[in-house]
Amino acid sequence: MKRFGVGFVFVIALSFIVASLSAPPGATAAAKTVKPAAAAAAKTVTIGFTASKTGKFNVEATRQINGLHLWMEQVNGAGGIKLADGTVIKVADKFYDDESKKERVQELYTKLINTDKADFLISPYSSGLTDASAVIAQQYNRIMITAGAASDSTYKKGYTLVYQSYTPASRYLTGAVDILLKLAPKAKKIAIIHENDKFATDVVKALKIYAEKKGLNVALFEGYDSGTADFAPFINKIPADVDAIMGGGHFADTTTLARQLYEKKINTKMIALLVAPPEPKFAELGDACISVVGSSQWEPLAHFTKESAAKEGITWFGPTGEEFINAYKAKYKEDPSYHSAGGYVAGMILQDAIMKAGSTDTAKVKAALDAMNIMTFYGQLKFATGPKDHGLQLGHDMVYIQWQKDKQGKAMKQVVWPLAGATASAFVCPAR
Amino acid sequence: MILQVYDLTKRFGGLQALSDVTFDLHTGEILGLIGPNGAGKTTLFNVINGVYTPERGRVSFRGEDITGLPSYDVARLGLARTHQVVRPLHELTVRENVMVGACYGREKHSLKEARRLADGSLDKVGLLDRGDQPSGSLNVSQKKRLELARALAARPYLLLLDEVLAGLNPSEIASMMDTVRAIREDGISILMIEHVMQAIMSISDRILVLDYGTLIATGAPEEVANNPQVIEAYLGDPNMTARLLAE
Amino acid sequence: MKVWQKPGFWLPLVIVLVWGGAVLLIHQDTMRESAFVLLMAVGLASSLNILLGYTGYVSFGHIVFFGLGGYTGFYLLSEQGWPLFASAIGGGLLSAFIAGLVGLAVLRLRGAYFALATIGINEAARAFVSNFEPYGGATGMFVNFSAYQKYGGPGPALWTTFTFLWITTMVVLVASYLVKHSRFGLGLLAIREDEDAAMVMGVKAPKAKTITYVISAFFPGVIGTLYFFKNGNIEPGDAFQLHMSIEMLVMVMLGGMGTVMGPLVGAVGYQWLRGYLLTSPIFKDLHLAVAGAMLLVIILFVPAGLVGWVRNHVQRLQKVLE
Amino acid sequence: MLDQLISSLTDGLLLGFVYGVAAMGLTLIWGVMSVINLAHGPVIAMGMFGTYLLFTHLGVNPYLAMVPVAGAGLIAGLVIYVIAVHRVINAPHLSSLLATFAVNMIIIGVGTAVFSTSPQNINYSLGSVEVGFLTFPASRLVGAFGAILVTACLYLFLYFTRAGKAIRAVANNRMAAELMGIPSSRVLALSFGLGTMMAAVAGGLIATFFPFTVLSGGPYELKSFVICVLGGLGHPLGALVGGLMLGGLEGLIPTFMPVSWVPVVEFGLFVLVLLVRPSGLFGAK
């Protein structure tokens, strides 16, 4: 009896060990490896990331991955990254579906590093997921370029290997205050309604400080849960004489907020919202989208050229905006959004750093990233290197768009800020 | 005097379940409690052992006021009971059922001690060979015995028996009666509710009769059987009346 | 027979001992990560089982203790600079304390009412923490990366965390066994079968239930701290996920409620199944539906769970599988 | 301040009617068979998607779409009852809770595979209504009317039809009803179907004014619990009162504190009422 028990223990224990070896819970076979065309002397680096193929970030994440894949295709198509010592580096990727869930992200990044031996990492979409993956990258000493992750807080945790390609959240809506004061110099009061997540909170905290510094009174400052569908309680709290309403969060909730503001016939001079307005899909709101201002990491209409780079004395790198847009359209049959550009740029950042480092060694590439200061079709790229905010994007700036009606009465977005790159001038909300 | 009940009153909403019930139970006595259905007999048990709190009145057990005490405290003072509708702890074995009684009863035994005691009381009710069976698998008569064994294992001073004979066949009734007598021999006082008239009349030292929550008669079995008020109370129930008159 | 002479006591313990020990010896990161997830599931399910399996009280919001404990431990660790071990115990104690307070009130409710109340408590706690500034409000808290240096850098820190979790899981299993096979546990089983009858037999149900609630809340608090330390941050949305509560219930039911082995088998089985379904090309999109269908089949046809079923059908294993 | 209070309260109360309908389904099922239907949320979501599909693909007016959605809800309820609930109707609560939760997982799983978890929206606007300084979407007003209509129908059904009376009899005392020759299994199945139907209709109504995903039923299920407890578990009409109370609270609280405190108060109150008056604030028992 006893011997039987002991044997039993070991059989079961063994099977558990095997279980934890062979079937890590939640591992997805959705992984796909894009093998580069075989080249004799080529060395291949693996870039690992997760993508929200399902879940709430599905739309934005897909664009980001499209951008990244376009970059890979171009790099490998051009024969790889050629280093000074003659080595040719090809890139391959390895990715899993994170279902927009944080617990999966951490599991999968650990797997990417340990099992799939990823050399470099790209972040998932959204600040929340990136935050989760950045810990892992740093824990295992891997460089991670973040895309679609604007929240400042990720870069204030003492990480040394995480680099941001987006303009940080703290500079997301401050320009909207400038626009407001330009349009309506007498503006006094603004209301801020924001999603209660890392990204939007970081945005509005900085926004509030900036607005108050500019002499505005923040009459309402409230956060809503990520899944909120009913904004009436918030809208009802907006004082009647408010000059601007700012805030929002991600695409779905911000669109709903814009719609309900319209349905409630809120009168104000300006509505500036996060993330959603630059998306082409925002036009589906119809009249509710008109006059809404949004900030964008990049707009096809915005102009960064080799000439402008030369004028500022910064090195130009990569394709021009037109080349990128045309290549993207050819491959995916749709217009690129700023999320697409973000994915592409994340790849470019790696490419430039590897070239300058002349190696794929983590420490050397890190040094190259720390020293980076380049101009691309997406704008300037330069990272903070201090211990308090290492990796934070310093070079890149936002552009602001506004939905306006063209001559046929069709809604279309125009770049309105900075004035240098503007395609139309901003206007004050029509009374509605 | 082991149990004194004074002026006990219990209402459920508009229903007067017990009104001013007063009686004593002497040490070593078997006191029978009869009455038509719905007379409040089980309610009286529930008030005595703390399942319900009375609106008015007092219960004292071995000189201690136990009115309104929760049922587990009452049990620990040495007052055990069985249920009219048997309530075995289905998933536990017969022995474990009885061990609960021993562990949490008056003497608060350890598990090991309780196991020994449990076998003793199972032996007393004739269930020893079923100790390892799940209690849910017993038949009604065995379940009744199990209830009894569980109550006994608590080593109570006073035992409240709620219709332990109901649903048993004549030979089972006879052997259960023997068991009850044997319990009394061990010095345990008994208050028992019973509908099997012949049995209760023969085993009880005294009888209480409850009708609509009021105590209408107290006394020796013969006295009670001939009490006109009692006969009248049972008239609504011709069957009962017949049996009572046949006494 | 003393406790340490019983195979039923040793079986779960040795399994986890050998398993965790092997992971430590092999020292492979991926293996540690999956073992972490599995051990955490075992620990949580076993803690829940102490309440659910022994008293029959269905706590649908048991994750609240994981969340509150995790938050408190995390706060002690990152804001107050406590060491990991002390923080984890602190988190556990807070969970236990809250359970004591809440239990005194809520455990008066029976059956579905109790289940509903636990859901309400979880939602209220989540909403409260979202508004509680010391705990970082809606955006939560994070560990500054330098905190890992205390444990010799991130790598060793993660191994330390794993070791704590491993030990905690074994403690939960021991606690689960000891509770079940004690006089106290017998009282709990009596409450599970028939609370009123148990009270009539002298079982102090309110006190016993509250103590059990406290015990079963302590461990999730400890585990929560370890988990969120490993993650590096904590947010209300992650800490109070109702679906994790229900997954815990499913694991207990799958393995067999009221047994010591059940939650262990159930947790590993459930996580393995989930992993399998997620990787299977056919069920990838339907994993939730397939898991639901399996749960339904178990509830309808094998309510005793795997371990319960084996115990009932194979006499020889009754002494081994507790 | 007062303007804000009034407009906030109006919005809340209008929504409260719809909450009431969702809760009514839950409370009906509880009242008749003491089962807490954890598949309630996904059914609400299915109601949303049913209305959405009929509107987007067949161009059916969303309010008209409510009729086939209700029918489908009834059938779905019957099916769920027969497959998942009937066997565990007399088992401990854990069994029925988990059985209905399993159904929840199945519906959400299939729903996610088919519709993904991306948000959807019924693009059908009735414009806004302006009364004095109040402005609110007309769809909310129509939703409230719809809710009242549904409640009235349920009331008429329960009190004036044979089947309805049978349901009330079984709710009151199943054993006695069986002795009187009422086929209790059929009545139980019908009640479950009706409860599910209410959920589907509530989902349809909600979909006309809010965007939704496959997972959107969850919050309304939780709200339904709160409402049922406020109004008394098992009292269909109490659910409407409870719904109005909850809607009112949701309108009232934000006037005095940040909106994010609403759930704290809501669920705190829920637990409190459960403890103090488990039969609900207006419970008859």
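As written, the chains take the letters A, B, C and D, and residue 1 is the first residue of each chain.
Note that in this section a contact is a pair of C-beta atoms (placed from the backbone, for glycine too) under 8 Å apart; a residue touches a chain by one contact, two chains touch by 3 or more.
Predicted model, so just to flag it, every value in this text is computed and none were measured.
Steps from chain A to chain C, taking the shortest chain of touch contacts, total 1.
Comparing the chain pairs C-D and B-C, the larger number of C-beta pairs in contact belongs to C-D.
Located most centrally within the structure is C, per distance between chain CA means and the overall CA mean. With centres computed as the average of Cα coordinates, no chain lies farther from chain D than B.
Chain B has its Cα centroid 75 Å from the Cα centroid of chain A. Chain B and chain D have Cα centroids lying 48 Å from one another. Chain C and chain D have CA centres that are 32 Å apart. Remark: chain B and chain C have CA centroids separated by 43 Å (rounded to whole angstrom). The set of chain A residues touching two or more other chains comprises 196, 223, 225.
Shown for chain B are the residues in touch with two or more other chains, of which there are none. Residue positions of chain C touching 2 or more other chains, listed in rising order: 130, 138. Applying the touch definition to every pair of chains gives A-C, A-D, B-C, C-D.
Across the interface of their complex, chain B is touched by residues 181-183, 186-187, 189-190, 192-194, 196-205, 258 of chain C. Chain C contributes residues 7, 10-11, 14-15, 18-19, 22-23, 28-31, 33-35, 37-38, 130, 137-139, 142-146, 148, 154-155, 158, 231-233, 235, 237-238, 268, 271-272, 274-276, 278-281, 284, 316, 319-320 to its touches with chain A in the complex. Every residue of chain D that touches chain A in the complex is listed here, in rising order: 3-4, 7-8, 11-12, 15, 112, 116-119, 121, 123, 125, 128, 130, 135-137, 210-213, 215-216, 219, 250-251, 254-255, 258-260, 262.
Within the complex formed with chain C, the chain B residues making contact are 49, 51, 70-73, 75-76, 80-81, 83, 87-92, 96, 99-101, 103-105, 110-111, 114, 150, 154.
Every residue of chain A that touches chain C in the complex is listed here, in rising order: 1-2, 4-5, 8-10, 12-14, 16-17, 19-21, 23-30, 102-103, 106-107, 110-111, 113-115, 128, 131-132, 135, 138-140, 153, 157-159, 196-198, 201, 223, 225-226.
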